[in-house]
Amino acid sequence: MNLVPLKLVTIVAESLLEKRLVEEIKRLGAKGYTIVPARGEGSRGVRSVDWEGQNIRLETIVSEEVALKILERLQEAYFPHYAVIAYVENVFVVRGEKYV
Amino acid sequence: MDALELLRLNLLSPMVLAFFLGMAARLLKSDLAFPEVLYTALSIYLLFAIGFKGGVELSKTPFLVLLLPALATLFLGLLRPLTGYFLARKALGVSRVDASALAAHYGSVSAVTFLAALTFAQALGERPEGFLPTLVALLEVPGIVVALLLGKRGGGNLGEALREVLTGKSVVLLVGGLLVGLLSGERGMERVKPFFVDPFYGALTLFLLDMGMVAASRLSVLRRVGFRLVLYGTLLPLLHGALGVYLGHLGGLSPGGAMVFGAMAASSSYIAAPAAVRIALPEANPSLYLGASLAITFPFNLVLGIPIYHALAKAIGG
Amino acid sequence: MDALELLRLNLLSPMVLAFFLGMAARLLKSDLAFPEVLYTALSIYLLFAIGFKGGVELSKTPFLVLLLPALATLFLGLLRPLTGYFLARKALGVSRVDASALAAHYGSVSAVTFLAALTFAQALGERPEGFLPTLVALLEVPGIVVALLLGKRGGGNLGEALREVLTGKSVVLLVGGLLVGLLSGERGMERVKPFFVDPFYGALTLFLLDMGMVAASRLSVLRRVGFRLVLYGTLLPLLHGALGVYLGHLGGLSPGGAMVFGAMAASSSYIAAPAAVRIALPEANPSLYLGASLAITFPFNLVLGIPIYHALAKAIGG
Amino acid sequence: MDALELLRLNLLSPMVLAFFLGMAARLLKSDLAFPEVLYTALSIYLLFAIGFKGGVELSKTPFLVLLLPALATLFLGLLRPLTGYFLARKALGVSRVDASALAAHYGSVSAVTFLAALTFAQALGERPEGFLPTLVALLEVPGIVVALLLGKRGGGNLGEALREVLTGKSVVLLVGGLLVGLLSGERGMERVKPFFVDPFYGALTLFLLDMGMVAASRLSVLRRVGFRLVLYGTLLPLLHGALGVYLGHLGGLSPGGAMVFGAMAASSSYIAAPAAVRIALPEANPSLYLGASLAITFPFNLVLGIPIYHALAKAIGG
Amino acid sequence: MNLVPLKLVTIVAESLLEKRLVEEIKRLGAKGYTIVPARGEGSRGVRSVDWEGQNIRLETIVSEEVALKILERLQEAYFPHYAVIAYVENVFVVRGEKYV
Amino acid sequence: MNLVPLKLVTIVAESLLEKRLVEEIKRLGAKGYTIVPARGEGSRGVRSVDWEGQNIRLETIVSEEVALKILERLQEAYFPHYAVIAYVENVFVVRGEKYV
């Protein structure tokens, strides 16, 4: 089994940001991503299925370097004004070379 | 028909009642919830259907009849964000950015308020002009642009926000439906009437049930932001509404048309504007603009505003 | 019309056929599947529309006409969970908790069975009383409460479960639609008829297609729990149905009305009751109550029960 | 009515215009998007409704009238994948697997193209035979099977793919709806007409709006695969369409019926075939077959093909 | 980059439990959560899109202490009678102080 | 707290494969799984809500041995022709003995 250790970055954000977040992570080096619609609650209150827009949960598998770049960009440009949360973890990826 | 009778008639329409039922469901903490997809589907249907009907009517309207009302609409599109902005700065004392966000909402338009007014007028036997949906499309965009200009004064994401508004789904569906209606005309209408026209008010009733739930979940803002926002969210529509009725009358609309035109002018956006503002002015406080537009102005227009604009239109033109 | 002809007529209605088509699709392992949202949207539509139509009718019904049927409904609401409970204990030999869970289902009501009966009656030219949906709303809640009381005898989450039933979406939509119909009356009806009335049976047909798929996926329970559950799920509705027809007749209903009333009494819940039971009696076995209610009693009533209650009503009252 | 007038009439129907609106929305990068569930719901509705209407008509059709058209359909179901395969091999020079994938698409049928042709015929006052939907169901499956046989020649997942096609949701809904219509007949139709018949064309309009968006997102393939695929995707339907019109005429169909039959023959699948091909021939390139079927042939038939088949049918039979 | 190591607790449960689970985790100290609708299969059979209710997949980022409290509460009050599964893993969270 | 260390295998794949993937992982020893609908982008372009089918995100908690078997099977039979990505990570599972 060819398993490559990589970083999985997960971002939960208001769905309005989807297009911009996708552009950002691609620009910073992500080769792909997976998105599921989500709802949630945090410091900015409940974000649910109401029309004002729910959340998205975006995952991207990237190298450590790209992961850090993404998180920095989020911290700088999105955390101050938008409902966003982001975390990173270690995963082992089949054919991981495709994703770096 | 006297004022109370009008109010009663309006209150007891299935649409307004459904709105209250939605509010009640949320306040009773019922598990009733519309899946987001149902909301989206209904709004696609409603917007396209309004546009389409408007387009078919437009295909029968001479250009000259449209000219004055269109100019009046553009004028309102430029003026309303300014009154919205300055009233917010003076009376609410909010920041420049929050005032611009409010201005974007009160500078744009609510398709549902428009529809409620149209229904009301028709229920009274009035015959509002068929091209009014064209004006809704015309009124939707400029107010948001002016307001964002006020808020940015030369920075950031204005272009993106503008593109977002112009290609936003509400504009595309309204204008697109309009074009489809315009081009396919009566002949097209015949085929799709049992889908886009006959069941329309029922679909709107269901939609308002959902709107009631959404509005109720925004009610808490009233307690927080207090009485001044309530005044803002009722006086501004009254001002805009009166102006709208008057301009509609000058522009040659029938009393029914002037009344609907007034309701349009009095309404505040809660689809196009919030999305644009969230992108262009992320520092603005959503509780403020969503609360005002959705939990104050929308129900106010739905319940009290529409009969008032009707009375005004009758007084001036009828 | 003789019994066989009635049965044929019922079997060959688009609704019943759609139910079988749904079952067939699942048994053939087709990838046909209704998105959950479509199920939710259809059930919101159906429940609100039933309530609304009932409300409009109610606005024309003198209070006295309603009194006896309402009392009969309450009586059934209290009695049915008891028969359901004791039959489950004696004949099925299940635990106290499982018996209470079953009792909650056979104490409440199925809006779809009600509708199928109504449609059937109307197709035969009967004119069931317009206020019957009011009784559906009245019958939905008490049976569940009594059954949960039987199951808990003074413990746990009963309050929560009760609140859950009362503010549950089926009660809110039925009762809410009823109020909207009652208040807006014929005048409101005119506007929304092409949405809430005309397409109703078609929407119900689509819904039954989905119900057929759901029921088929519960069929496996029959093999596991065996023959006694099948008896329970058919004899209990026959008993309740006969009682319902009789009480309906006593309460002054027309033969068509008594038959629909019987079908209501014979039906078992599969929306409100499962949710309430899952919260209040989590130890109860869902295969048992869902299998009985959905895979046995619902199809039984749909296919055989309704014509039988019709024959009974004719025999007693026609 | 001359050719240009026909084309204009077709282009300006709400359905075709909605398709272009969808394309425009995507090309303008509008955020307009149909939730997948709405697409699924509309396609369930459309397929069941076509089947149902066809079934009701079938219940009034003598068996003999159906015989020849059914044989012609089967013949086309076997022939079309072969022409599709060999043209792909010779003219496009693609691999055996890719040619089979294309053959599966051009061997099956598009329900929406069929509907557009039907609508067009009806708008011209023609009266296409009521049993045509039966033929759609008959044409859907064999072409895919033949094509997969060509692609596999004795390997792998053919059985699974075949089962997938036969129990696929489009076949189940079409054939199931047909049976429901056949068994419940006019009497059933009466009850559900305001849901399955009257609003049909409006629902189709909304569906085509979505199809336009999907097709536009496939347009990029044209640039990549180039001009030869465009020829393939237009000449093949013309060939199949002409053959279809001719066989329809031989089979005894009215001119309107022959024209719709031609459009069926000319159409290519984009629901059943892609799913089957993806399972049975995963090595085939989806851009190729989806691009050809959806971004070339579907719009071609919708805009130009249908009036052409109409002219042909008139020339031969009218 | 300010990354705080925290625990990510994931709970998959029948959707009927949503309201109660949210109340529980908030009471036990969670500052936020994210929910996506899910379907699945486990010891209690298939739980799919049928109306009897699908599953939800609830995620919450919390301190180790809160994580343990949540898991204990689940084990005690939910595992016996409901379709529930829960697991915990290590993640690194941007501005993690917000979530403890 | 009885927490068992296990492997969480996540597979993102085109939704058409759902039935087959579920059969495969059960055959290889998985005792359960959780699926959420997803959209995404990777080497095969955007896979979104269009009717050609979106993605699914399938999670299954298994022993290390089963995890490796699943990944190998994916690599061999699915990666060449289908849009698939798979990764594995370490999680701690409540009542984990149920899942091995």
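Per-chain residue numbering starts at 1, and chain names A, B, C, D, E and F are given in the order in which the chains are listed.
Keep this in mind: a contact is a pair of C-beta atoms (placed from the backbone, for glycine too) under 8 Å apart; a residue touches a chain by one contact, two chains touch by 3 or more.
These numbers were taken from a predicted model, which means no experiment stands behind them.
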Self-check item: Shortest path length from chain B to chain F (each step joins two touching chains)
Solution: 2
Quiz item: Farthest from chain F in C-alpha centre terms, which chain would that be?
Solution: B
Quiz prompt | Chain whose average C-alpha position is farthest from chain D's own | solution = E
Quiz prompt | Centre distance in Å when chain D and chain E are each reduced to the mean of their C-alpha atoms | solution = 46
Quiz prompt | Separation of chain B from chain C, taking each centre as the mean of its C-alpha atoms, in whole Å | solution = 40
Quiz item: Which residues belonging to chain C are in contact with no fewer than two other chains?
Solution: 31, 33-37, 40-41, 194, 198-199
Quiz item: Which chain A residues sit where two or more other chains touch them?
Solution: 36, 89
Quiz item: Using the touch rule from the top of the page, what pairs of chains touch, sorted by label?
Solution: A-B, A-E, A-F, B-C, B-D, C-D, C-E, D-F, E-F
Quiz prompt | Contacting residues of chain A [partner chain B, same complex] | solution = 14, 16, 49-54, 81-82
Exercise. Under the touch definition given earlier, write down the residues of chain D that touch chain B in their complex.
Key: 12-14, 17-18, 21, 24-25, 28-35, 37-38, 41, 119, 123, 194, 198-203, 205-206, 209
Self-check item: Residues of chain E touching chain A in the complex
Solution: 1-3, 6, 8, 22, 31-36, 61, 89-96, 98-99
Quiz item: Can you list the residues on chain C that touch chain B in the complex?
Solution: 36-37, 40-41, 44-45, 48, 52, 164, 167-169, 172-173, 176-177, 179-181, 183-185, 187-188, 191-196, 198-199
Quiz item: Which part of chain A faces chain E closely enough to touch in the complex?
Solution: 10, 12, 36-43, 55, 57, 68, 71-72, 74-75, 79, 85-89
